[in-house]
Each structure stands twice: as C-alpha cells, then as structure tokens.
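Take a look at this one; I'll ask things after.
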Amino acid sequence: MAASTLTEVGPGAVTEAVGAPAVRLGQVSKSFGRPGAAQTVLDGISLDVAPGEFVCLLGASGCGKSTLLNLVAGLDRPSSGTIEVPGGRPALMFQEHALFPWLTAGRNVELALRLRGVPRAERRERAERLLDLVRLRGAHGKRVHELSGGMRQRVALARALAQASPVLLMDEPFAALDAITRDVLHEELTHLWSETRLSVLFVTHNVREAVRLAQRVVLLSSRPGRIAREWTIDLPQPRRIEDPGVSDLSVEITEHLREEIRRHGQN
Amino acid sequence: MARTEADAGTAGPPGGGPDAGSARPRGGQDRSEHPDLAGLEAGLDALETRAPVRASLGGVLLNKVLPPVVAVVLVVGAWQIAAAADVKPDYMLPGPLDVWDSLADLWYEGTLFEVIWHSVSRGALGFAASLAIGTPLGLLVARVRAVRAAIGPVLSGLQSLPSVAWVPAAIIWFGLNDSTIYAVVLLGAVPSIANGLIAGVDQVPPLFLRAGRTLGATGLRGIRYVLLPAALPGYLAGLKQGWAFSWRSLMAAELIASSPDLGIGLGQLLENARTNSDMSGVLAAIWLILIVGIGIELLVFAPLERRVLRSRGLLAGTS
Amino acid sequence: GYGSRADDGDGEPAPVAAGAEPLSTDQVRLGYFANVTHATPLVGLEKGLIAKELGGTRIKRQVFNAGPAAIEALNAGSIDMSWIGPSPSINGYVRSHGENLRIVAGATSGGASLVVNPDRVRDRNDLEGKRIATPQLGNTQDVALLNYLSGHGYRVDAQTGAGDVKVIRQDNKEIPNSFRRGDLDGAWVPEPTAAKLVSSGGKVLLDERELWPGGRFVTTNLIVSQSFLEEHPDVVEAVLRGSVRTNAWINQHPDQAKATLNSALGEQTGKPLPDEVLDQAFAQVEILDDPLAGTLRDQAEHAVEAGLLDEADLSGIYDLTLLNTVLREEGRATVDDAGLGVG
Amino acid sequence: MARTEADAGTAGPPGGGPDAGSARPRGGQDRSEHPDLAGLEAGLDALETRAPVRASLGGVLLNKVLPPVVAVVLVVGAWQIAAAADVKPDYMLPGPLDVWDSLADLWYEGTLFEVIWHSVSRGALGFAASLAIGTPLGLLVARVRAVRAAIGPVLSGLQSLPSVAWVPAAIIWFGLNDSTIYAVVLLGAVPSIANGLIAGVDQVPPLFLRAGRTLGATGLRGIRYVLLPAALPGYLAGLKQGWAFSWRSLMAAELIASSPDLGIGLGQLLENARTNSDMSGVLAAIWLILIVGIGIELLVFAPLERRVLRSRGLLAGTS
Amino acid sequence: MAASTLTEVGPGAVTEAVGAPAVRLGQVSKSFGRPGAAQTVLDGISLDVAPGEFVCLLGASGCGKSTLLNLVAGLDRPSSGTIEVPGGRPALMFQEHALFPWLTAGRNVELALRLRGVPRAERRERAERLLDLVRLRGAHGKRVHELSGGMRQRVALARALAQASPVLLMDEPFAALDAITRDVLHEELTHLWSETRLSVLFVTHNVREAVRLAQRVVLLSSRPGRIAREWTIDLPQPRRIEDPGVSDLSVEITEHLREEIRRHGQN
C-alpha cells in the first residue's frame, strides 16, 4: 500500500477544531421501493469528513454514490442513521453542468447569491470575483450554450462556491469532459481547494482521478453499498496522474475495485 | 440561509467563508503565478468555443422568404388560369381577381380594418383570458399527481370537440353577448395552453430541479426561479398552438350571431358572404381569416419562441 | 332493451312503383328543410304523392338546415330541385348572373311574425332602443323588419344592425333560448320559431300578412337548376304535378296533413313539435301553388332600398310554363310571373 | 456491398473477412482463456442492468383509473345538485338525469349505435385518407428544403381556420355528399399528421442517419430502415392529434347537411337537438361526441403510442 | 522519446502484402462554409494505415478528428486530396452507441448483415456468433435501453464487425463510459484486434488511452488540422494504462499536445 496514515498535506490544511467534522454520517442506510419489496441501496455507512479534507468516494456504477451525496445534500432522507452537516446546506456539483440555460453565466452565479440572500448591490461584483476565481473573467454575459464543456463546469464550480458553504459535494463532475480538459480541471480544482478552506466529498468511478485528487479514498462495495476499504494518500500535491506513486496506488485500488465487481458476476 | 451565514461567520474571518470575499489566495499566491495552467485553459476555451454564425440577410431572403412567395405566386397563378379557363362557372370558382375585388370593396367601404380589428381584439382578449386560466391550471395538473390523473385526459379530450358544438350551450348559459364568444374561445384555447405548460414542465430535466434545490430554490421560489423558466420553451409552443385554437374557436363562434353590440368580425363576414351566395366574398373571408391568423402567429409568437430558443442555444443552426 | 322502441318503418315513403318505367332520368335529387314552411315536400314525400307522379324515377332526398347550403348544393350539381325561401333564391340567381336556377312553383305563404316580450314592448311605437332578432342578415324576415322599421321612422344601419332599434341576426335555432333568457325583446321570425316564442310567453305584435295586399307573400318556393330543367322537363313537370296534388291534399285534409307533417318532422329531426306549437304554426301558413311573383319582386326592392342588395335584374327568375300546364290539366287557375318570367 | 464481399474474398480465406465466420481465435486461443476479463464484464453487466419494474394491476387501478372516476362522479354529482336546486331553469341547465334520459331514448329507439357507427366509420375512413395523404406529404416537407420553406408555414397555418369555414367552399367544389365531409376532415387532419411526421423526422438524431449510412442504408433503404422507424414516436403523436382534428372536423362537417341516404351522425344529432331547442339532447350529443372521441384516442392511439415508447425505453417509469 | 521505429508487435501482425495500405489519405483537405467565408478544418493530411495496423489519432477538441473519420467513412467528401479504402466501405463506431432503439440488440446486428446482403437464413446465427464474440451471448433479444453503457458499446462493436469490412474506424468510442468499463473495454478491444486482422483508426482525446491501445499515435494540430507529430509504440500488448512505459510516453505526448493547445490561447 502506498500510504497508510492520515497526514495533512499542502496548503489546504485543516484549521478548524479537530473535534468537529464538516460532514458526519452515522450508520446511514437507504432503501427504495415499497415496504414489501424494498431494495437496500446503502447499508450502514459511517463516514466523517474533516474540515478542509478532500475525500474521494469510489465505487462501481449503481453502488449508491449519488444516493449518498443526495442524502448529504439534503435532497433526500436516509431510511435510518444520522447525517450532520454543521456548516449548513452543502454545495453540490453534478456530472452534467446543471447551469440554467435561460441565464447567462454570470446570472447563474448571481442566482445562487440571491437565493442565499446577498443584497442586489453586491451580487454583480461578487459574481465577477467568483468567475475570476475559475479564470473566466469576462464570461459574465455569456450564454451557457456559448461555453465549452470545461468552461461550463468551471461556471458550475463558481456557482457552487457562491453558496458559501464550507462543504462541497461533487458527483463525478469531470466524467463528461474530454481527457485533456479533465486533466486541466484536476489541476484547477487542486489549486482552488488548496486556496480555500473547503471540505470536499468527491464521487468518481475513476481510480486514477481519485488518487490524483484526494487525501483519502473510500471504496464502496455494491448492493448494498458499504464501505469496503479506505486509503489515505500522502503524496504531495500538485500531483500528476502519470506520477509513479499515483500509478502504483491506482493499480492496487483498481485490483480491489475489480474484485468487488467480479463478485457480482458470479451470482 | 441563516445557517449558512452563521457558519460562514464561525468558520473564518467576518464576511468570510469560502465565498469570493475570503477566497483570496492564502499565502499571498496569485492566480497569475500559474501562467502554465492559465495558458492551457485559455487555449482550450479558444478551441472549443466559437461565435454563433448568424445567417445573412440575403440568405434569409433567399431561403425563407423566396420559397413561400414562389409557392403563393404559383398557386394564385394556377387558380387564375383555372378561373380564366372557366373550369367551373364564375359564381362557383371565382378567380383571384374577383376575390381581390371583394377585398378592395371592403377596403373602399372602409370596413376592412374595422372587421379585422373586431376579431383580433376579441381574439387577443380571449387569448389573454385563456392564458390567465390555462397557466395556473396547467401548473396544477403538471405538479399535482391526483389532479393530473383526474383531469389530464379530459384536457386533451376537449380538443376533439368542435368549437361549434359548444355554441348552443354557451348561448344558453352566457346569453347573447361577448361572454358567449369568450366562453367558446376559452374552451378551445385553455386546454392547448395548459397542455403546453404540462409538456413543458414534464420536459424540465429533473437535474435543474435538484440543482435549484441545492441552491435553496424550494417551494414557490423553486417554481419562480427554476420550474417556470425551465418550462418556458414548451409553454411557448403551447401558447402558439393555443393562439391557433383561440382564433379557430373565435371564428366558429362569430359565425353564430351578430348584433350591433358585438360588431362584425371576420366570422360574420364569411357568414354574410355565404348568405349572399357570394363565393368570392366567402373566399375573401377565408383568406383574411387565414392571413390574420397566420400573420399573428408569425409576427407575435414565432419571434418570441425563436428568441427564447436562441438564447438557450436550442435553435438548430445557431450553436 | 336496445331498440325496443324502434320505429318499425311504417312511415317510410312509398317505394318506387314496381315495374314502372323511369322518366328521362333514373333519379331526381330533391332538397328541402325540416320545417313547417316546407309542408309540401315533407307531406308529399311522406305520403308518396310526389313519387307516384315520377313512375320509375327515384327520389333522393336532401335535408338542409339553411338556404345558403341549398344554393351551394344546387350550384355544385348535388341536387336538382329544392324548396327554399325567396331571399336565397334571389341571391343565388343574382350572384350567378341568372345562370343557375329558376323558380318553377310556389309552396307556402305567410308564417312570419314579429313576436315580442309583452313586458317590454307594449305596442308598435315602443320599439325604440329594443333588441329585435332576425334569422340572418339579408334574409326574408330581415328585409321585412328593416323595411317595416324604416317605414315607421326608425333608422337602422342595415349591415351592422345598429340604430334606433338594434337588429340582431341570430340562428333560428338559438332565438327561442335567447328570447327566454331575456337577451331579446322580440324577433321577426318564420314558423315554427314564432310559435315557439309565443309558447314561451311571447306576444305576436305583427303578423306579416297584415303588411301585404291580400295577406299573401311568398315564404317558400320551388327552384330547379336550369340545366336540369332543360334536360329533364318531364321530371320537373312530374314533380310539379306531385307538388300541386300534395298541396291540394293538404288543403283538403288539414288535420291529417298536420299529423303527417309532424311525423315527418319527428323522423327528420328526432322529435316532433309540441302540439301547441304545431297548431299555431300551421295556422299561420298557407299552402298554395302560386309563387306570388309580385311579392318576390317587392321583397327584392325592399332589400335594395335597405342597401342589402345591389340593383338587381330578376327577369327570367321564373319559369312557370310547366306549372301552368299542370294547373290547366288539373282544371285550376294559372299563375302569373309578374313580368319576371323567361323570354 | 459487392465491393465489401469481393474484398472479404481477397483479404483472407474464402468466406472470410473479420466477420464471425473468420473471427475464430487464431493460434487456438479461446474466449474462455480470459476468465478474468469475462468475470469482470459479467460483474459490470450485472451491476449496471436491472429488469424494468412494471406497475402492478392494483397500482394502475389506484393511480390511473380511480382519479378520473372520482373526478367524473364529483362533476356529475355537483351538476345534479345544481340542477335539482334549480340554480337555472331546466331548459338552460338540464340535470344529468335528463341527459341520461335523452341517451336512454336513443338507446330504446335503437338508433344510438347506428348514429355512433355512422360517425365513427366516416371518421375512420377520413382519417385513413388523411393518413395516406399526410404521410408522404410530411415526408416530402421534412426532407426537401425548398418544399419545407414553401409550404411548412401553411401547414400549421391551416390549423387556425375553423373547419366550418371550409364548408361552403367544400360543398361548391365537391358537391353535397360524403366527399365534402371527407374534404373538410382532410383539411383538418392532414396538417396535423404531416406536422407530426415532420416533427418526428426533425427529432431523429442525425447520428442514426449517419450510422445507417455507414451500414449501407442509403436512399430508399435509409428511409425504410432508419428514417421512418426513428421518426415513429413523433409520427404517432401526430396521428393522435390528427385523430382529434379528424373527429373535430367531422363533427363540424356533419352539422351542415343531412340526407336520409347518408344517415345521421353525431353531428346531426347535435344539430337536431338544437333545432328542437332540446338542451338535454344537446348535452347528450356533446357527451357522446366527447366520449367517442376520447374513447378512440384512449383505446387505439394511446396503447399504440405507449407500446412504441416502452419498447424504446422512452416511457418514464420503465427504465 | 519512448519508441521510434515501426515495429510489428503482438499477435495482430500484418499479414497482407506490404505495399497495399488499408487506408490511404493523400493531401486531404476539407473546408466548410460558403466559398467566400470558408473555414479550413483539415489541411493536407497524408496518412497510411497498413493492413492490420492500429493507429490512434489524437487531438484537441474541434481539431477535425471526426471530420477526418467521416471522410474516410465516405459520409462526406474532401475538398481536395484523395482517399483510398480498397477494402470497401469501412465500419464506423461512434462515441454514442448509435444502436437503433426500435430493434433488439440482435436485430441491430442482423440489420447490418441484411444491408450487406447476407441471406435471411444465415443472419440469426451469424448475429449470435458476433454477440458471442463480444461476450454478449444471450443478449440477442434485449432492447437497447435494457443494456448498460458498456454492453451497448459492445453491441455496437458487434454490429460494426458484422459489416465484414477490413477497416474499423472508431470515433472516441469509449469517451462516454465510466473509467472502469473503459479499462475493461480497452482489454476487450486489444484482444479482439489481436484475433482479427482488422485495421483500426481510433480517434481520441485521451493520451493515455491512445498509448494504451495503439501501435502508432498521430497527433493532429488544430485550426487547421495538420499532422503535428507521430509516435510508434513498441511496448508489448496487452499493456496496462498504469504501466511505466505507457505513463512515460503519455507524459511526453501530453506535453506536445498541451503545447499545441496553448498556442491557441495566445492569439
């Protein structure tokens, strides 16, 4: 195993009191369907995300990753267990950008500010600063469809940041992008995270992406989703996806993931 | 909201949180220290975006205006030839020139605009009323499951009843005045408008609603900031069709009755021409009804729809 | 059970006489309305009186709701002859520049009245500002009303109906309902609409017969398409003979005729008229063979005066030679075309 | 084709090419030699696919059948109460029982089914004719750019003209027989059907057409194997609407004229009730027209549409 | 540079006469738009694909990769230059599966056979053998929407193989799949290619994918698309995407690709 102890790395160090996690899941379970024929999707998940920590949740298709994020985001309620997010409603980014096409890029960000209660006078300026942060200065008046895929996800990131939530949930945010753009956004995200004090819970299928980004990788099993294993990664940031350390740990995690998947082919 | 703001307060310096205010680089780093990444992103952005191409005026004229004009000219030409060749006697198949004369008569009598205005103003009022009723109705049906199961099929079923069928009932219930006409128009247009909104709401990607909720747009704010704007394209399509139905029903209703209070509209023009066995008058009225109906659709609804679709990049040929 | 009250078909018109030779054509298509003023075709067809004259030529019946449709059908060649009111006849004739039809006989006179709501209109000087309905812009009753009003000093714009009296054009079928609702103060309408208004509380203010010399004016006449008249005068003559004999039968057996009429109406429209309506309506209508050509000319003049018709040449609208032939055969007086006949 | 087969002949052993025939592993390898990959794929397939859930019969009854029944019962109940309380005089608002009596009369007279059958058979024939005309027309408009520019707007414009307006012109041109009725029906239904097909064709992802072309489906084969099946959902939606319009136009056309030879349809039933100032007859006719129109939509078109959509996984709740 | 000479590797060796390429592009150019305002997308591309060779075409978004494949597939005509595909109409796979949803998986394959003129009697059996080849035995009667993303692409592959063309063109066929499935399909494709004598022209954004799969990687520049550089890869198959050799070459190619992209940010 490439890394084994929790180590604080990079400039994104956790500055809050150690005792208060940014997200705390206690024995969370979730079932869908009618009482008689319910299907258990998540089963007894307990997971803490420390303030400022970057955690990647890894699992095969349909293992319940999105369901878990929805629970944390408050879009759905767990069947049992507790979810605490002391910082208030977390920000959430999706695989599809989910920007509103009837608004310009800037107005999308402003809407988030407005719904948060930011007075009108400040919105415009704050939105521009946020766009600036994702290197989209001057894109305020652009329509969503005029932006490239990478730009859209950056605007979505800016909109999520506008919520001013200390917790950012990301549901495969880069899965639909081409590989080049994805690599670039990995760098961008690492950079942003190291500059802000955000706690990030990042869902992905992509082992290399997880190892590239996270401080901690949590592997979920499927049907029902349970925490199968965890890895703490102490490679220094910024990493590259081709780094030998990343590659080695990826090989190891991939083997575990494939083992999980293979189990289902047998029955 | 309050929770978030409160937390932002405890989590960092005042006014902070990871918002733009506090998102200034720690340790004095600056964005410009990453020229490599910046250059790469600029390159990607430049490669992947392109300015939408607008068709040139000449192109629009050539591709959009010319063909229908040619088509109309061909049809009118063939018609004139048929009429001139006396395929049928004049009083059965008047030529375009006869129809033109009928229109010219209306023009010189100074009644043309009055007649059109009567119908258009009624149509507009009826349409506005349909809008006021159809919109909340559509929203209710779209969002409340039981209501939908209960009256959803009725809404589309109503469209298979001809407007004229309502006329006797409407006269009895509402009396011989504009209410009757509006009742018939409403019965024609409300289902279209409601159905358009329902279709629009159904087509809203659930992702938008979820995104809205994470941003805090719940309840009425969700409807106002997310649901309605997202459903707009379908709603507009419904409005367009609703107008066609308003107009159609109005014409059917105008055929029933005329009174000095009601004034003469295009429907009565048609009916009067028919009473006079005046075929060229009948054809003139049909043309007027068609032209005014299509004209309003093209002048009012089509640009509205095109604008909305274009601003969302949903119009073929712009993205 | 289903169909337990079905009509067993005894009211069907008599079929073609077996083995009878057809006239110059196999079939004649006759149009008429399901209306008391169309008693001639309704009774004549129901009793087989017309079919009898036609020998092997079959009758195809066509029922219309209104005059314009009948004229349209005649123009389109879908019917050969039709009973119809004078004003659609005039309009059709004038619009076709005298090419499409000829009036070959009369059928009814009378049967139109101004019925008013007695609470709102007490007498003829009380019409100012009232709402009076007619069935259709420019039709017989409309012209009569406009003419009557202008004769009494009321000014009304013929096209819109606005003026000292409000003239409301409304389908006959809707007038009784609007009248009951109180939307109308009165209506100048034909039978049986007038009778219906009376039965729902209206009062006859004026019987149109009062306005005409001899108390007669044309209400229904029989038209034929010119081409059919040229090609098959024998068929037209047979229909005319049937019509004349039907009219004679009706006038001889009014009660029987009334019953036959009502059962034909019931068959045609699904429901017979209530007795009080039928009695009143039938009493107002006179069945005759004379098309009352002079009154048609006067009606046309009134329409021109009201601005509803351009100065029109009606000469040639009548061709009464066949009718007169039939009348002579029957030993009856011939009728006059008031100078509007062919040739 | 010929080229490919010829090449397959030169490129490898007879009957070869990389098709299944010659794709047997070279060097004696067998697929079972990769148990690792096979197990992984089996696991992935098992995780990602799930059997579609079908709603239970009880659920359907509860969610789909109950609400409309409750709605109808409520409406009829309220109506009966209003009628019994004499909110309006009987001749203006007959109660449901009066209307029921009118229907019962038709039933006992044995004319009910005949009347319905007259209209339905006419409607079906008119619809079939509209189909035969609207389909090639729609295809032409959808695929030929000039035709589209020329008559596309006219097709939707025609829907803003009430069917009754066509009646005088139709009588003059087609005579007073079933052709006139069919002409009016065609003018109502053909635009809907053609527009549905056009919308269907427009919605066909260009990807399918390109995929078809690489597979060799060009020209007529492209239309037959790719374009038409791909456009089917939109086409069916158009058919459903086309039926509503057929029915509506038919009713309007039947109001014009009746002849004992042509038989009485629902439109004439309404007109007759009107002639008799028989309000409960009018309402009974309106109900019949509504029920038959909606019934055919629900019994014929809705299942057809649902089946096509379900087989493509386009129906919400099945995938 | 990790590899520099053309070496025949693995069991997918070229067996045809050396002189006859499977695809030959001679100075191919392509412009779109009206004569006056034409935009040149491809400019003087010359490229041979040898029989049995696996070539990856790499380039940033919008550099004309799909345009080039469309030209080779005969879906479009070049503005100038020559394209020769002696084996007849090539098979083409897209990023989206492009299976016809109104047909079952098996019928999709059968349609390809039918359009090729295979007699009805044989179709069913051949289709089943092809599905078997992509490990989808028993999926013949499945509707497209009942299949997972990976299964769909495998059916699409079977359909492409049914065309019996010696040339297979693939336009980012795995870009829309999740990372795990993508890795698995890489193995599947390598395996299939090594068993058949197919010439493959594979388009991708993903440098690692290209290095993982190809014998030769061709880098296209953007606006207009020109061949910027080529690499021949002599690492043995089957490779893993995390192999150090793959990683090293990926780093090198990525650097070149990024350089290409950066050029466009400056003007």
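The chains carry the letters A, B, C, D and E, assigned in the order they are written, with residues numbered from 1 in each.
To be clear about the criterion, a residue touches a chain if its C-beta (ideal position, glycine included) is under 8 Å from a C-beta of that chain, and two chains touch if they have at least 3 such contacts.
Here's who's who by UniProt: A, E = Sulfate ABC transporter ATP-binding protein; B, D = Sulfate ABC transporter permease.
Here the structure is a predicted model, which means the values were calculated and not measured.
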Interchain contact steps from chain B to chain E (minimum; 1 if touching): 1
Shortest walk length in steps over touching chains, chain C through to chain E: 2
Contact-richer chain pair [A-B vs B-C]: A-B
Rotation, 0 to 180 degrees and nearest 5, that superposes chain B on copy chain D via CA atoms: 180
Chain B-chain C separation of Cα centroids, rounded to whole Å: 47
Distance from chain D to chain A - Cα centre to Cα centre, in angstrom: 45
Centroid distance [mean C-alpha coordinates] between chain E and chain A, Å: 32
Shared interface positions of chain B, touching two or more other chains: 38, 40-42, 44-45, 47-48, 92, 168, 172, 274, 279
Set of chain A residues in contact with two or more other chains: 60-61, 148, 180-181, 258, 261
Chain C: positions in contact with at least two other chains: 68, 72, 75-76, 173-174, 177, 181
All chain pairs that touch each other: A-B, A-D, A-E, B-C, B-D, B-E, C-D, D-E
Contact set on chain A toward chain D in their complex: 60-63, 222-223, 258, 261-267
In the complex with chain D, residue positions of chain E that touch it: 11, 16, 51, 70, 73-75, 86-92, 94, 96, 98, 100-103, 111-112, 115-117, 126, 129-130, 132-133, 135, 143-151, 159, 161-166, 180-181, 184, 187-188, 191, 195-198
Chain E partner contacts - residues on chain D that touch it in the complex: 1, 3-8, 11-12, 17-23, 25-27, 29, 31, 34, 37-38, 40-42, 44-45, 47-49, 52, 207-208, 210-211, 213-217, 221, 225-226, 229-230, 232, 308, 311-314, 319
In the complex with chain D, residue positions of chain C that touch it: 1-7, 34, 60-65, 68-69, 72-73, 75-79, 173-174, 176-177, 180-181, 196, 268-271
Interface residues, chain A side, partner chain E - complex: 60-61, 148, 175-176, 178-181, 183, 204-209, 240-242, 244, 247-248, 250-251, 254, 257-258, 261
